[in-house]
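First chain written, first letter: the chains are A, B, C and D, and each begins at residue 1.
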């Protein structure tokens, strides 16, 4: 079954100042990322501001990415919504448009116990073909609910199309628990950009990275060096990656990603309120920081 | 300006098995609560499953409660949504239908810093008349974002229509910080049913209570006894309240409220998925527990 | 059996600059507190820097307080130590010198499971006469271990001399669980000075207060007003108390207590390193803040 | 300057049933570990129950390990105590007996702010020669205090003999912050046995491991394979290590280590109360689990 691996880019959703999706720039962003060689695309996750878009917008975003990608890279659509009904609409849509697979965050905000979380993923798993891959997604600090390793084990045992999990929390002991599922064959990706290399070393398949939406280059290089067994060099590049992760606030403020994209020639545009765009001062500081980072970068040749 | 006080009931939203709102039963629930003498109604909060309803449903729920209440009690509509756009639609609607005031949870799921949180509430405050009261609402364990006392102070200083806060977390030191806002005149209500009495003793105006949606009687009695200075008796009734709070799971599982309402003659119906209704066994145990509680209840005459 | 109640003062241990205990000033502090009318004394707790004193020092501190008090107030000695052996030495010593009772913090630093915590308190309970009262003490943010309500229930059921608990964490839901132990007759005191009044309202017997070691007056007044049913006035005084609690850092930095005591004519002296005494600037600011607080104080006549 | 690296074993302190140190078995344990080829020894840390031993016992334990090791491996003595005075006694003793270096946990239990923590380590750094290496040690879940990366940076800048840190918490983002200190040359070791391999991959120098006190073999093998660039095989061995870590409770209950040592021919003996020894049933289950682990172990030849 198809799986996420390597540099999986969590895509932002370009918008105009009113918060309307800019599909034209979304196409360009998709091309940009494929051109840069990322391994998989992951639109409509937290980085894509999914809960701030309605079902129709989410469908159209999904279509835009899948149609632009044209099978050149794997596209996993994040389909988790506030209600199971909306989730299932998006699940079926993802299948219908030819997505490679899907990801689904745990229920958010409203407390869900283990039975409810398991039933939620079971409903998703039963809605799609047996060979259509599904990723669980746990980000407890935002969703308020977490995926216990026990639930993951049961889901993996009962649904062959649940192939892996994206885990966006820096607790590596829990990450290890996920890796042990299905006899160590469960596919685990970290959602922490700066933990890409140690996650690979632990046996993870890759990273679902938001910063790689703006600067895919160092992430690609880390993956290449790691795959060649060049761990010391990979670590060196991870440090360069860490610097740009810090400059771009690592996903805690998506306006840094969107503004950063302008330096790559893509109009990321605005974040949807209540989140706010950068002030003039913040924008100026961002550009200076990025330029300073580029100058220090030994892998500068990668950046164009 | 109008403020929440005493027993403010956080209303559930009755639904059928498909998760469609049952407006008829919502009317009956509103009548039931007014008949029982609760002081204020608070529909469409966390107990009302707000984030699982769309804007049209939320408008119609708000209208149903306001129109049924007919000014007999204050009705504060919770209008917080995942986007500011939706929030403002609901704000304006609440004003237009003659609600007494509104409440608004912090931005949820997506991280919002203090500047963003303040801007969010400022946008709300500026959308309504100066004398239309607004309550902040902080429930950090679900929303992922919290209201720092500093932000609350600034908001209170700059917007006279921001009259208070509902705080749904059992940290009483922070609760005290909120109480000190605006020279100790800020209106603070606890969202923890079992902390009603100590919150009153600290100077809170009341409770926003989910359990009172099913059993308003002990909460009414606590407020009456406290107001009469009968603290020891109030504490005794709070213990009875604590027992039913525990039986009904205190809001962590809304299906207990909805099923409990059936014993009061209201069809609470189903919770919206991904949350699940009670199993047959859970339902049976619930009914037994409630009946046992009623038998032990010294204030049994209150219950009919 | 004797119990803690009202204003129970957690005493600092006066020391010289080398960290040696100043027993002379400890006597004077004991006299000062009795003179001011606090209800009970609680030496050698966290405020008393117990884990930084050796067994001999702790014995001599206990003797000094008991002998000076001369039965004029209850004296409960905190006897919890890093090992059970040391704890039992101190337990027996407390009994032998005629202390009213003892308090014992949970095991600290090294993880202890529920079985170990229960066995620890059982060993203490079995070491003393049946009518010698023992208080449990839970301060999980410092000790790393917590007292679950279930363990408290079992201990209360099996050992009649375990009469209550001091709980130094602002989670009022857990505080309520403790209050329900032994059919609501378990003696519970909050360790949070600023939560004295709401704790009383919940049914607590009083506060174990560090700030009252320096300024007992507002705490005494709160307790008096509360006992007379004057809740509104009690709340007003609690706000004055809150101000001095904030000025004195509420126990998070004991050098504020020790320096503050100098203004009352007691040489509190130094804290034992690794904690540090106040800098000249901090000391100056402290004195200004205290004087400013006194001026604003409507109950100034209380302060002589 | 000498640094910790590879498999640094956090040694238990063998004791008899009364909690008295068994120095004879401590010698044998030291020989056992050197014989098994661990890279460094770290007695008297959390695994060594340091806060439950008095200064004289700690000195004698330190001497026993240093004298037995006879320079065959590096020995870093953990010297952190509840007071700075005791800490400095132990610091000087460690220097005097020819230890390779020392480690020092943050102040524990009593809150210490950044200024106090920095002053504490400064006092230690100034007490020893410039070329005598010191490791910081942060275990916030037990000590209640944490080492912020900023404090670590300042300490590293001002004291060349502060060469590194042991970090016993699974937050890898903070671990990365520590690694960036002193231009990425700061020596960082994880205190989480099961994170040995990913920590190495991040650039850590090794692990301070408690489980390696009982079964050094898989840890040695992980380090060897990692050093040879055999990451996939190293990961495989880490999984075997994880199993025995789980069986031995990973340090959360030291009686598992002490009982496990008996199977290696060392009398680990009792833990010091309030912690408890295993029950007969727990002991039986432990032995079965260990034997089952050995049978499954592909590296069985390592275990003789």
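The working rule: a residue touches a chain if its C-beta (ideal position, glycine included) is under 8 Å from a C-beta of that chain, and two chains touch if they have at least 3 such contacts.
For reference, the UniProt names are A, B, C, D = Dihydrodipicolinate synthase family protein.
A quick note: this is a predicted structure, and the numbers were derived from the prediction, not measured.
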item: Both-way neighbours, i.e. chains that touch chain C and touch chain A; value: B, D
item: Copies chain C and chain D touch via same or different residues, half shared test; value: same
item: Centre distance in Å when chain B and chain C are each reduced to the mean of their C-alpha atoms; value: 37
item: Gap in Å, rounded to a whole number, between the CA centres of chain D and chain B; value: 51
item: Multi-chain contact sites of chain C, meaning residues that touch two or more partners; value: none
item: Chains touching one another, given as label pairs in label order; value: A-B, A-D, B-C, C-D
item: Partner chain D, residues of chain A touching it in the complex; value: 170-173, 176, 180, 184, 192, 194-195, 197-203, 229, 231, 235, 239, 242
item: Residue ranges of chain C touching chain D (in the complex, touch as defined); value: 19, 46, 49, 51-52, 82-85, 87, 107-113, 115-117, 119-120, 123, 141-144, 252-254, 272-276
